[in-house]
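Okay, so chain A shows up in both of these, paired with chain B first and chain C after.
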Partner chain A sequence: MFDLATVFEFTRDTVIFTVGITAVLASLGVILCSSPIYCALYLISHMICLALLFLLYNAEFLAAVQIIVYAGAVMILFLFIIALLGGKKEIQENSLERSIAFTFILTLAGELYLSATVGPTQQIEGEISPELFGTAKAIGLELYSKHLIAFELASALLLVAAVGVICLAKFSFAPLKRR
Partner chain B sequence: MSLDWITEFLNELWDFTVQSLTDNVPLIVGSVKAIVIAVAVMSVVPALVWLERRLMGRFQVRLGPNRVGPFGFGQPMADTIKLLFKESIIQSSADKFLFHLAPAVVVFTAIVSFAVIPFGAPFEVFGQTIELWGANVNSGILFVFAISGMGIYGMVLAGLSSNNKYSLMGGLRSSAQMISYELTLGLSALSVIILTGSLSLVDMVTAQETIPFILIQPLAFLLFFIAGVAETNRAPFDLPEAEQELVAGFHTEYTGMKFAMFFMGEYINMVTMSALVTLLFLGGWNTYGIPVWPIVAFAAKVVFLLCVFIWLRSTFPRIRYDRLMTFGWKVLLPLCLLNLLITGTIKVL
Partner chain C sequence: MGQEFVLLISSSVFCIGACGFIIRKNPLIMFMSVELMLNSVNFLLIAYSSFLNSLDGQIFALIIMTVAAAEVVVGLAIILTIFRTRHEMDVDHINALKG
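Moving on, here comes the complex of A and B:
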C-alpha cells in the first residue's frame, strides 16, 4: 500500500522543486520590486535557496561558503549602503531603459529555451572518490593542484581591484585628523 | 461487510506505522534531539538573566535581585510573564512586515546555530548509539559561522524598519562591527582547523584528548574570545545598543515580547559562543583526569565562560566607535594573520 522508498524519493523531489521555484520567484522579486530594501531581501532569499540546493545535492562545503560569503558578507554590505543612502521607493516610468531591459529579459528567456532543448545537464567527468564528494578536502585538492595558477591570478585580480577602489575613493579627500 | 474493510485498513495502517517507526529510528531520535535542544536553549535564557543580574550585583557590591523566591529565582519567571503580557506597540511609520520579521530572524538563527554544537561523547541506549549533538555536519564550524552571520540581518532589519534615527544608527553600527569582527573570528578558528585538519567540531574535540588547544594556541584563543564578545554585541563592544548615545540602538522601538526576543537572541548567542570557545580551545567534554561525567565537564566550562562574559561587562567601560574599528582592523586582524602564518609554517615543517 505504502512504499517508503518512493515516499522518500517523492518528498526529496518535492523539496528540490519547491526550493528551485522559490529561488526563481525570489530572483523575479529582485528585478520587479521597487523598494531597494525588499530587493536586497529577495536577493538574500535567492542566495539562501541556492545554498539549500547545494545542500540537497550533497555539496555541504559549497552551501556553507555560499551563505558565509554571499548572504553573510556581500548582502550585509548591500543593506549597509541602502541604510546609509536611505531606501526610498522608486517611481516607475516607461523609458528607453525600461524597454531595453525587457529586450534583455526576452533574450535571456530565449537562451533558457535553447539550453532546455539542447538536452539534460551532464555530470562532470573526474576521479573524485564518493566519500570525498562535496567536502572541503575535495575542493581544496582540485583548486590547489590542478587550478593553482588560475586561482592565484584571480586572487591577485581581486586584490588589485580592492586597492584600486580604495585609491579612487579615499585619497581624493584630505586624511581625517585624529582627535 | 463494511466493518471488515475498516479493520483491514486499520491493520495495514498499524503495520505501516510499526514498519516506518522501526525504519526511521534515526529520524525519530533526531526529532527528539531537535526538540530537546531547542527547548533547553530557550529555557537557559531566564536562568542566564538571573545569573547575570546576581553576579553583576556582587561585582558592584550590592545584593542583586533577592526578593522573589529563594535567591531571587522567581525574578526571571516574573519578568518573562510580564514581557509576555505587555502590549505590543508598533509605530505607524514603521515597515510592518520587516518590523515583525527582524526579531524572528534573530531568535531563529540563534537557535539553529546551536544545532551542530556537540556537547558530549556518544553513548549507547537500547542498542542505539545516541550522539549528543543535533547534527554531525562534516563542516560544522562553517555551519555555525554561516548561520550566526545571518543573525546580523535581524539587527540591521530592525534598524531599517523602525524608521527612527537611533535605530538606524544601531543597525549600521552592528553590521559594520559584525563584518569586521567576523573576519578575526574565522581566521583565529582557522589555526585550530589547521591543527586538526578537519572542519568537524567532533573531530576537533577528539584531537584535544591529551592537551587542550588553549595551551598550544593561546594567542588564537585570546583573539577568538575577543572577537566572540564583539560578535555577540556584549559590553565592552555593545556599541549597537549603547544606552548613552543611542537610547537602545536597533531595538529602541520594540516593546513586550518582540523586545524580549532580541534579548533571547543575544543570550543564546552568548551560550553558543561559549560552547564554541570550549570546543575549539578548552577541550570540549574531555575531563583531563578529573572524575566527572564528560557532559558535566562541558557544561562547567561553558558556565565558567558565561561568567567571564558577565565579568567583562561589569569591568570594562564601552570603547569608542572609531577605536573599536581601529582595534578590529589594525590590531586583531594582523595578529590573526601572523598567528596563522606561524601555525601553518610549523604544521608544514
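Moving on, here comes the complex of A and C:
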C-alpha cells in the first residue's frame, strides 16, 4: 500500500511548493502596492513564508532568527518609521525609467537562468550527523570554532552601527542656515 | 523538492526585489526591496547548505542577517534625518547633499 516515506516526501514537496509560491506572490505585493503600510505587511508575510522554508530545509535555528530579527525587530522598525513619516500613497505612472528597469530585470533573470543550468550539485560527506543538522548546538559549534573571525567582525559592525545611529539621531537637525 | 525549484523561487524573488528598487520612489519601499534581495540570497544559501550537507551556508546566512539588520537601522536613521530637514519623501527630488 502506501509507503510512509513516499507519503512524507510527497507532503513535504507539496508544502514547499505552496509556501514558495506564496513567498513569490508576497514579494510581488511588496513592490506593487502603492501604500507603504501594505508593503510592510506583505513583507512580513514574505518573511514568515521564508522562515517556513528554512524550517523545511533543516535550518530550525535560522528560522527562529528570521522570525525574531526580521519579522520582529526590523519590520517593527519599518512600521514605526512609516507611522512617524505618514504613509503617503505613491502615484505610479509609466515612464521611460520604468521600461528601462524592466529590460534590465529581464536580462538579469535570463542571466540567472543560464547560470543556474549548470547541473545539480553533488552532496558532500559532512561531519554533521543528520539529527543535529541546523540545530542551535551545531550552529554554535561551527560558529565559535571555524568562523570565529566573522563572528567578531559582526560584533564590531553592530557596535559601529549603534554608535552611528546615536550620532545621527542625537544632534538637532534644525534646517541648516545657508551662507 | 528539487534544486531547480529553489533556484527558480530565489532568483525570481531577487529579480522582483531589484525591480522594486528601481521603479519605486519611496525610500522606505526601496529599503524593503533590498530586504527582499537579501532574503532570497539567504534562502538559496540555506537550501544549498541542506543539499550539500554542510553548515557553512547557514553561518553565511546568519552573518548576512546581521549585516542586513545593521544596514536597515542606519538607513532608516538617514531617511528620518532627511525627512526632518527636507519634509519630503521622493528620492527623485533629493539631489543635494547639503540640507
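Keep in mind that, in the parts below, the second predicted complex is superposed on the first by the 144 of 179 C-alpha atoms of A that agree within 3 Å, B and C clash if a C-alpha of one lies under 4 Å from a C-alpha of the other, contacts with A are read in each partner's own complex, and residues count from 1 in each chain.
Just so it is clear, a contact is a pair of C-beta atoms (placed from the backbone, for glycine too) under 8 Å apart; a residue touches a chain by one contact, two chains touch by 3 or more.
None of the values given here were measured: they were computed from a predicted structure.
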| item | value |
| --- | --- |
| Partner touching more residues of chain A, whether chain B or chain C | C |
| Which of chain B and chain C A:V65 touches, first, second, both or neither | both |
| Which superposed partner A:L96 touches (first chain B, second chain C, both, neither) | neither |
| Partner chain(s) touched by A:A161 [first = chain B, second = chain C, both, neither] | second |
| Contacts of A:I76 with chain B and chain C, given as first, second, both or neither | first |
| Partner chain in contact with A:V30 - chain B first, chain C second, else both or neither | second |
| Partner chain(s) touched by A:L43 [first = chain B, second = chain C, both, neither] | second |
| Touched partner set for A:L114, first chain B, second chain C, both or neither | neither |
| First (chain B), second (chain C), both or neither touched by A:A136 | first |
| Partner chain(s) touched by A:I149 [first = chain B, second = chain C, both, neither] | neither |
| Chain C-contacting residues of chain A that also contact chain B | 61, 65, 73, 77, 82, 84 |
| List of chain B residues in touch with chain A within their complex | 12, 16, 19-20, 23, 95, 98, 137-139, 142-143, 145-147, 149-150, 152-153, 156-157, 159-160, 168, 171-172, 175-176, 178-179, 182, 199 |
| Touching residues on chain A, where the partner in the complex is chain C | 12-13, 16-17, 20, 23-24, 27-28, 30-31, 36, 39-40, 43, 46-47, 50, 53-54, 57-59, 61-62, 65-66, 69-70, 73-74, 77-78, 81-82, 84-85, 88, 90, 97-98, 101-102, 104-105, 108-109, 112-113, 116, 120-121, 123-126, 128, 133-134, 138-139, 142-143, 146-147, 150, 154, 157-158, 160-162, 164-165, 168-169, 173, 175-176 |
| Interface residues, chain C side, partner chain A - complex | 1-5, 7, 9, 11-20, 22-26, 28-29, 31-33, 35-36, 39, 42-43, 46-56, 58-59, 61-63, 65-74, 76-81, 83-85, 89, 98-99 |
| In the complex, chain A residues that touch chain B | 1-2, 4, 37, 41, 44, 60-61, 64-65, 67-68, 71-73, 76-77, 79-80, 82-84, 87, 135-136 |
